[in-house]
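The following block contains the structure, expressed as structure tokens.
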Amino acid sequence: MRGILGLARFCLKRVLSIIPVLIGVTLLTFAISRVVVPDPARAWAGLHASQATVEAIANRYHLHDPLYVQYFYYLRDLLSGDWGVSPVSGQSILENLDGFFPATFELAIVSIIIASALGIPLGVYAAVHQDKSVDHAARLFSLGTYCAPPFLMALLLQLFFSYWIALFPSGGRYSPFIPMPTHYTGLLILDSILSGNIEALGSALIHVALPALSLALLTFGLITRLTRSSMLEVLRQDYVRTARAKGLVERVVIFKHALRNGMTSVVTVLALLFAFMLSGAIVIEYIFNWPGIGRYAVQSILALDLPAVMGTTLVFTLVVVTVNLLADIAYAILDPRIRLD
Amino acid sequence: MRLTGAFLLRNKLSLAGGIIAAAYLLLAVIVALAGEHMLPYNPYAQNFGQALLPPSAIHLFGTDDLGRDIFSRVIAGAPIDAQIAFVVVLVSLALGGTLGAFAGYFGGVIEDVVMRVTDVFLAFPALVLAMAVAIAIGPGLINSMMALLVVWWPWYARIARGEALAIKNSQYMEAARAAGLKNIKIVTRHVLPNTLMPLLVYATLDISNVILTGSILSFIGLGAQPPQPEWGRMVFDGQDYLSGAWWMSVLPALAIFIVVLAFSLFGDGLRDAFDPKLRRR
Amino acid sequence: MAQTLLSIQNVRLEFGTEQGVVHALRGVDLTIHENEVLGLVGESGCGKTVLGLSVLGLNPSPPAVLLEGSHILFKEKDIAKMTTDEIALLRGTGISMIFQEPASSLNPVFTIGDQIAESIRLRFQRSGNNHQPSSSAINDQVREALRLVKIADPERVARRYPHELSGGMKQRAMIAMMMASKPSLLIADEPTTALDVTIQSQILRLMRDLMTEIRTSILFITHDLGVIAEIADRVAVMYAGRIVEEADVNALFKDPLHPYTQGLLASLPKLSELEKEIQQLPGAVPDAINPPAGCSFHPRCKFVMDQCRTKQPELKEVKAGHKVACYLY
């Protein structure tokens, strides 16, 4: 009972502490959109817009008013869901982002699952067999995947498994020939399972395979490295010796007593990893023509669509801040000592 | 004994990384100074009759869709990423590091403000913020360098502040103050050098990150503009021809990978050498 | 005559380090009987903790090597010859160990109740029962274990995490956890050193009571002679990796035979002789990498003779139940 109250208090404190950061984030995006941009009115109206349109836009966004007034309207618009209209596509930016979000979310989840399933056991193994050849191989491999530019992995996978050996489609999220499964969540894999549609599930899985693998390879190196160093730290602790002294089998000692303590730092780092992963997703979505926010961001950049790019910037940042908050909370759940703060 | 072996192995890799990194830098300097005359082909010369040729003895890396020799373009592009990375890291170190050192040493309001501001900057994923700034100021090489500067300085400010705090509370600082040294002298003569030196190790590791992020920025169209032979841009240009002419994209991408890996390995080794816990006799 | 429970014979153990080979144990002979508390006393660095860990095979094995000729006999089986998995079967239910720092020795992410329950489940598994006891049965046993160590509110404490308890409570919980599997032998490595003096005597009394209730023998390792006097039935004195004297506790305190034991006892301040200067043992503990030849104590011994410098004395029984390793006898 006491534990839960402490946890609730902790959560509240953390949520309150991110509010100033979020305000700061909107200030920075505001500054970039209105101050750094040489001609904000034209940027929002469109490069080929008429002077009249530009003037209308300037009035709508109060661009002639002092900056603090502009910021007030900016914040109000953001919070009320008016993220502007793209001068290139003419569509509501927020609606676009909303539409593309599930695809990125699905890709990220599948990637994290693959990366953790590969990285955590490898990290544990490397820690338990420290300094043997497996450990060195694992470390070199992790460093290699961390240093590889996201487009390298994506293009190589596409080349090998899509073009040379036609195992997977070279892009897209879903086959145009198979009807979509009933919409429950917007996550095609989940929706196919929920509606019992095997064909849809197959199509969804085969399309997500290469992008998710590329993204997973990018981050799995980091996960291995961090699990390994975390476990090394934990295995030196006294309570691991106590667990052995109690008579527990080595497997239980490592996977129950040691790993549980090691996981706390891995969870925090998974959150940091998330930011890294999102950046990689931008490139990978574009290469695989995956209809997510990353691809939307690149297309907007190529079209010089500033409002859309600012929208994606905000979304990415909001997601990262939220994920970090969730990781802090997860840490408090896993390690009861933190809740006392 | 096993530990020394591991250290040496890591050292060998770091050494290899250092050699490759040094070779890359040397190449970049030579190309920047000597120009394109020493290259086998003119990196800008288009030749449609020779388009999309696979790697061979006459075109080591093949040719692209406009008939340009890719090997020459890769070599010609070497200084671009190197220049950006060095400028970004050094300026971030100098400006961000100094700001952080002041914040850490003087504390109080200055420290609070700097911490809050860096908190906000660091809340953005690096690439995302760089993208936003770059699109605001327009595509281009110099602009992408400025965008990267905006993203990179907070890291150094944070680390420098930590180092400065540690130094501020150290005994040797008390001695300096007791000797009556004025604050500004203390900061410039003692705090700054001792704060910024450890940052140099971090900076070496960081070069690889900047090269990586910079090449991604160019890939998505915000950095170097055609016909500049920047590696990330070359990867982008070759995408449409991946199935038929993989060498257009893959080889420049591999070049980026090798350089980034080299700097990372070297930086790792450097960091281990400076870490008292890991040093074994 | 009490039954022998654990027989340690000629145990020699070395550690490979970068500075050289550390000879931690150089031929230890020790016997523990059923239903007794054997105190193992010595200065820090003499190897007493290493010996305790060796019985359970808990010394980290790449650097630590148990040399040929070492025997640790427990219930007719030689632990020195067992694999790690075989020793694991003995731990908990055969031999248990409690450590000096309860704060770091208890897992911070599991409740006390969970950690005790693990020992209880292990005991059930090993006793050959085919089905697992129900969770309410286990909870009952957890509460019983906590009551046994005189914890006032077992229900509440079982739900706590280690960091929420005081030092004394943590040590009781640790004892409860290690005794819940009902071992025949408990090795206690400085269990009271990190605690307040008042709590110390409570814990010592608790351990003696438990010993009689559960019929567990205790190997009590400490550097504190006062604690030995309170809890031990017999005492073994350890110096530089060897046992130098072994006797009944009263006999040792009344009539110490080995010069080292005499020095140790003389250096204790006595309330009845406040004016006397505290006697110090000259010299320092020998270097474990290059121990002196012959008897390791000879550089500090005021009775040193020629043969002490060349050959190590054997541990011999010179009076009833009183062994000593010294050429004086």
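A, B and C label the chains in the order they appear, each numbered from 1.
Throughout what follows, contacts are C-beta pairs under 8 Å (C-beta built on N, C-alpha and C of every residue); 3 or more make two chains touch, one makes a residue touch a chain.
None of these values were measured; they are calculated from a predicted model.
Colleague: Of the chains present, which has its C-alpha mean closest to the combined C-alpha mean?
Modeller: That would be A.
Colleague: Counting C-beta pairs in contact, pick out the pair of chains that comes out on top.
Modeller: Top of the contact-pair ranking: A-B.
Colleague: Taking each chain's centre as the mean of its CA atoms, which one is most distant from subunit B?
Modeller: Farthest from subunit B by mean C-alpha position: C.
Colleague: Between subunit A and subunit B, what is the separation of their C-alpha centroids in Å?
Modeller: Result: the chain centres lie 23 Å from each other.
Colleague: Centroid of subunit B to centroid of subunit C, CA atoms only: how many Å?
Modeller: Averaging C-alpha atoms per chain gives centres 57 Å apart.
Colleague: Please report how many Å separate the Cα centroid of subunit A from that of subunit C, as a whole number.
Modeller: Each chain's C-alpha centroid was found; their separation is 53 Å.
Colleague: Going by the touch rule set out above, which residues of subunit B reach two or more other chains?
Modeller: 2
Colleague: Note which residues of subunit C are touching subunit A in the complex, please.
Modeller: 56, 58, 84-85, 88-93, 96-97, 99, 101, 104-110, 118-119, 122, 126, 161, 163, 174, 177-178, 181
Colleague: In the complex, go through subunit B and note every residue touching subunit A.
Modeller: Per the touch definition, subunit B meets subunit A at residues 2-3, 5-6, 9, 13, 116-117, 119-121, 123-129, 131-133, 135-138, 208, 212-213, 215-216, 219-222, 232, 235, 239, 242-243, 246, 249-250, 253-254, 256-257, 260-261, 264-265, 268.
Colleague: Once bound in the complex, which stretches of subunit A touch subunit B?
Modeller: On the subunit A side, the touching residues are 20-21, 24-25, 27-29, 32-33, 36-38, 131, 136, 140, 143-144, 146-152, 155-156, 158-159, 163, 170, 275-276, 278-279, 282-283, 286-287, 297-298, 301-302, 304, 306, 309-310, 312-313, 316-317, 320-321.
Colleague: List the residues on subunit A that touch subunit C in their complex, please.
Modeller: 3, 237-239, 241-250, 257, 260-261, 264, 334-337, 340
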